[in-house]
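Structure first, then comments.
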Amino acid sequence: MAIKKQDVNPEDDLGFGTQAVRQRIINRDGSINVKRLGIPFFSTTNTYHRLITMKWSSFWLTVIAAYIIVNVFFATIYLSIGISNLHGTADNNVTDPFLNAFFFSAQTLSTVGYGHISPAGVVTNWVAAFESMIGLLAFALATGLLYGRFSRPSAKFVFSDNILIAPYPLTGGRGLMFRLANMRLNILLEVAIEVTFSFNEVVDGKTVRRFYTLPLERSKVSILTLSWTVVHPLTEDSPLYNITEEDMKSSNATFNVLIQAFDDTFSQTVHSRTSYQHNEVVWGAKFTPAFVHDENGLVQLHLGKISDYTKI
Amino acid sequence: MAIKKQDVNPEDDLGFGTQAVRQRIINRDGSINVKRLGIPFFSTTNTYHRLITMKWSSFWLTVIAAYIIVNVFFATIYLSIGISNLHGTADNNVTDPFLNAFFFSAQTLSTVGYGHISPAGVVTNWVAAFESMIGLLAFALATGLLYGRFSRPSAKFVFSDNILIAPYPLTGGRGLMFRLANMRLNILLEVAIEVTFSFNEVVDGKTVRRFYTLPLERSKVSILTLSWTVVHPLTEDSPLYNITEEDMKSSNATFNVLIQAFDDTFSQTVHSRTSYQHNEVVWGAKFTPAFVHDENGLVQLHLGKISDYTKI
Amino acid sequence: MAIKKQDVNPEDDLGFGTQAVRQRIINRDGSINVKRLGIPFFSTTNTYHRLITMKWSSFWLTVIAAYIIVNVFFATIYLSIGISNLHGTADNNVTDPFLNAFFFSAQTLSTVGYGHISPAGVVTNWVAAFESMIGLLAFALATGLLYGRFSRPSAKFVFSDNILIAPYPLTGGRGLMFRLANMRLNILLEVAIEVTFSFNEVVDGKTVRRFYTLPLERSKVSILTLSWTVVHPLTEDSPLYNITEEDMKSSNATFNVLIQAFDDTFSQTVHSRTSYQHNEVVWGAKFTPAFVHDENGLVQLHLGKISDYTKI
Amino acid sequence: MAIKKQDVNPEDDLGFGTQAVRQRIINRDGSINVKRLGIPFFSTTNTYHRLITMKWSSFWLTVIAAYIIVNVFFATIYLSIGISNLHGTADNNVTDPFLNAFFFSAQTLSTVGYGHISPAGVVTNWVAAFESMIGLLAFALATGLLYGRFSRPSAKFVFSDNILIAPYPLTGGRGLMFRLANMRLNILLEVAIEVTFSFNEVVDGKTVRRFYTLPLERSKVSILTLSWTVVHPLTEDSPLYNITEEDMKSSNATFNVLIQAFDDTFSQTVHSRTSYQHNEVVWGAKFTPAFVHDENGLVQLHLGKISDYTKI
């Protein structure tokens, strides 16, 4: 086995412990592939987390469903008090009393309050006063969530599909490298990257998981304007100095990538993650330029070419 | 007494000074157990702090009470101007003039404005115009608070119930350890921990409080995906090297835990705190795994097992 | 002159340059005492800054004035189109056409829209449709500002009125010290402090201002639960080692204090500032405890006693 | 060529790589002058980015256009259901059915809901109930964006028009310097600056771009109250020690400036950028003071004088 044990620093882990795992911990899209049992379902923060991170289609379905359910609830109340306490329904050209109550409820909840249907009697007036209050608060939550989703800062990087093992002239040997660029219009500043190499090792007959933070030729750039080729030089000090394709496969090798940056539009720190597994490593290849020149000779970055490489 | 004086570094404190205290400064839930006198009650920030951190039931009671009080206030004004200046009350099926004024006020404050009751006369129109302005601003505050409470970033960790003193093979001696995991769906990054040991000591016949930041085997993880066992190795350099159960009790020993992390959903730094007292230390025990494997052999974390240990 | 020149490090300044100044740069309340000319008045950020930081009374006056001005503006437009295009004014018991137009405008701007006065004709309907849009946006701005003011994170410390020069046993000499505590209900974490000593010096016949960052016995606490006595030990290394009251006065000595902390309620970093001038230094005095014990023997902090000292 | 190769540190770059570029990467106003191809147009974050950073005139046009388009859309629906399902249009003094439907739609979307026009029939009521919900959410987005634009933290510095090469007595040689000041009312804390010198170099017949972070006499100030003259001393260690005007021109020399600060009003970190090209360097000149004294002898900073210099 070419992975040098003495280089494995127990301090450099990702909080995974030495639990031997068969699964990829970080998925390619940055999500975490470990299930946790016992998380309370109805906590405020978890509800917020779900509503902020769910798909747009699910979000809109949730909002519309909630709007209808609340109106059905209040319509039932108005109906049970008596439809005669809603004045003006005769002119509404709607014969179903429930629908009349439903539409009055919708006009109250949204505070549009045309008034062609209006509440009468003490109880109905109380319910309407309460519903309009609830409506304002509920819509505030919905619109807060809508804006929160819309304005939520998040980094989105395009990563090369593969990690390459290529000649790296600067250190006179080979280098392990991948490439990334910013997919957003935002300007990213103070971009810092951390690459952790993890693999299984048999210690005293028991398989344990080892983690090793790879030193990078450069781990931080002040501003990310073009693409960035992240390089771990395979020098003698590297635990991967003599590693072979077979070593990587047998030890279930994984490269976890954590990125932190400052987003200039949102003025907030953002993070992104990805991972590469041993079968996503290409041996003996180098990236081809992702730049094009426009008619004025100005450099342009083509995001679709980030993954392009040639075998050598 | 086995606590070694020379190891106590006066620089490493929690801002408590050397005031000898009988109480626990940080409660188990992370709140602070020191009362301060002389804080102004009606400052904006303190009011905000109370409204953001109070229980949900108290918050809803406050909102509903405020809604009713403001409407009673404006209803009294409308009534004193004259109920005859509110047109349409005859059709409202409400005989009590105060209730009619109250319901009109509610329709104005919430801007639902059905119009079946409408203001007439200069004074009533002025009050209604003013009330609708106040209503918009007041509901904005209420809904801002509602969304602020809902979207407020906060870390919630589950900590093991006890600190264990267990054999720690890595340094060849014993270790003082506790365990934690993230109870939220959020991904936590850059998790840093600080453990402070505090105890009473008699110096020149006067009891003073000492603080000592314990060196940890690992004080930071890049991403918290599973559980984390925080370990202070009881080496010869540790002030707790030869400490006994009796020492801890007599010196009123406390372990204060401060955690900082970056929340990936909220893109904000969050903090959490807890503390352990001498009677929450278990001597000669080790944690049992909190992992389970699902049917596919994938590792799952069971939050309910975080506190589980066996005596050795 | 006892201020030792060689200790003055030109790197440690507050961005003041060496401009000799007669005024206090930082006021006791933390505001900056330097006027800048040429700042554009109507920039968005400066307008926001003014609206967020102005007094509450000024803020409410601005909001009410804006509400009235906008309504007067639209009332004038409705009147110029023709009061006959506002139906229902006959029943409004208001004889003045301008006031009728004003009240209709207010009902539109606040979207309360009772409908007892309603727009008629193409032009009036267009104006009303536009006004309700403006109303929603304008009230959103006003309420955003209201909530922004309410929820704006800011540290508020109570500082002792004086800096004391007192015996400081830990380093065997004297110490320069002041005391502070948190006046808010918020929990403050990672509190860091920087004290800069500045004074005038005559170099080649020209008076220049010098700055020196004072080393502190402790410059950071993890959590501020009680009061904090900040100490600069007057050791031989200190530029103030042999300084006299007369030196401080003649050199126009000032101590500038910058504090940074993390606010646990707002999850944001907050800053505070203050300054002490030579006439606020008390020679030969020490602080008396600001603690009291309640009936259970628990320690309580009395904010009103932060400045208390006794002469020695 | 006077640029010393051995001083060029490959670690200190701005993420540009060694791509030889003819264009200025960072514009004087801080925007980035590199086009990226392949960015998805309709991502949420990019849409938000565009709406937050577009000019105010474009923003208002977008809001008004969206309001009209949505109302035209719903008016068309109401018309296709049948104008007879909108009661009260006879009294509206508007003869065009489409305009009547449009105005009803506007009153529904803005939730002003006068009620002089009201929906009748099941289908029209459903559409109106749906439109008022959409209206609330859409206006929430619009007003969120409006407030987001208004309250967006951003640093605005005034930079001197030129970089000067002037005598610099402190290090006994020359210095390269420029000047900046805060153009906002906000107080800026912890202001840090990084200056990168980049130039073309011919290596093995191929032009590559080199980057060098210039050491500064001072790269951080705790608080920016007056102006700040940023100085890179041209000592023997500097790659610019013997550089000539001709060298700068032939190597297409550029100075990129990145600034980070903490904004005390917004409690957020802000960034700013600018760049100077070789033709903006003035040889043999020094800045004249940007201060004036008011009638009380107090120092004032005149932002209009930041660029002023005299030839020497």
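Order of writing sets the labels: A, B, C and D. Residues in every chain begin at 1.
We adopt the following convention: a residue touches a chain if its C-beta (ideal position, glycine included) is under 8 Å from a C-beta of that chain, and two chains touch if they have at least 3 such contacts.
Everything numeric here is computed off the predicted structure, so don't read it as measured data.
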{"item": "Chains in simultaneous contact with subunit B and subunit D", "value": "A, C"}
{"item": "Chains in simultaneous contact with subunit A and subunit B", "value": "C, D"}
{"item": "Interface residue overlap between copies subunit A and subunit D, same or different (over half shared)", "value": "different"}
{"item": "More contacts between chains, C-D or A-C", "value": "C-D"}
{"item": "For subunit B placed onto subunit C, the superposition rotation in degrees, Cα atoms, nearest 5", "value": "90"}
{"item": "Chain whose Cα centroid lies at the greatest distance from that of subunit D", "value": "B"}
{"item": "Mean-CA-position distance for subunit D and subunit C (Å)", "value": "26"}
{"item": "Subunit A and subunit C: spacing of chain centres that average the CA atoms, whole Å", "value": "36"}
{"item": "For subunit D, residues contacting two or more additional chains", "value": "107, 111-115, 144, 154, 268"}
{"item": "Of subunit B, residues touching subunit C in the complex", "value": "10-11, 13-17, 19, 21-23, 25-26, 32-40, 43-50, 52-53, 85, 87-88, 107-108, 111-115, 118-122, 125-126, 128-129, 132-133, 135-137, 140-141, 144-145, 148, 152-154, 194, 196, 258, 260, 266, 268-271, 273"}
{"item": "Subunit C-facing residues of subunit D, complex", "value": "56, 63-64, 67, 71, 91-94, 96, 99, 102-103, 106-107, 110-116, 139, 142-144, 146-147, 149-151, 154, 156, 170, 181-187, 189-191, 218, 221-229, 262, 264-265, 267-268, 291-292, 294, 297-304"}
{"item": "Subunit D-touching residues of subunit B, taken from the complex the two chains share", "value": "111, 113-115"}
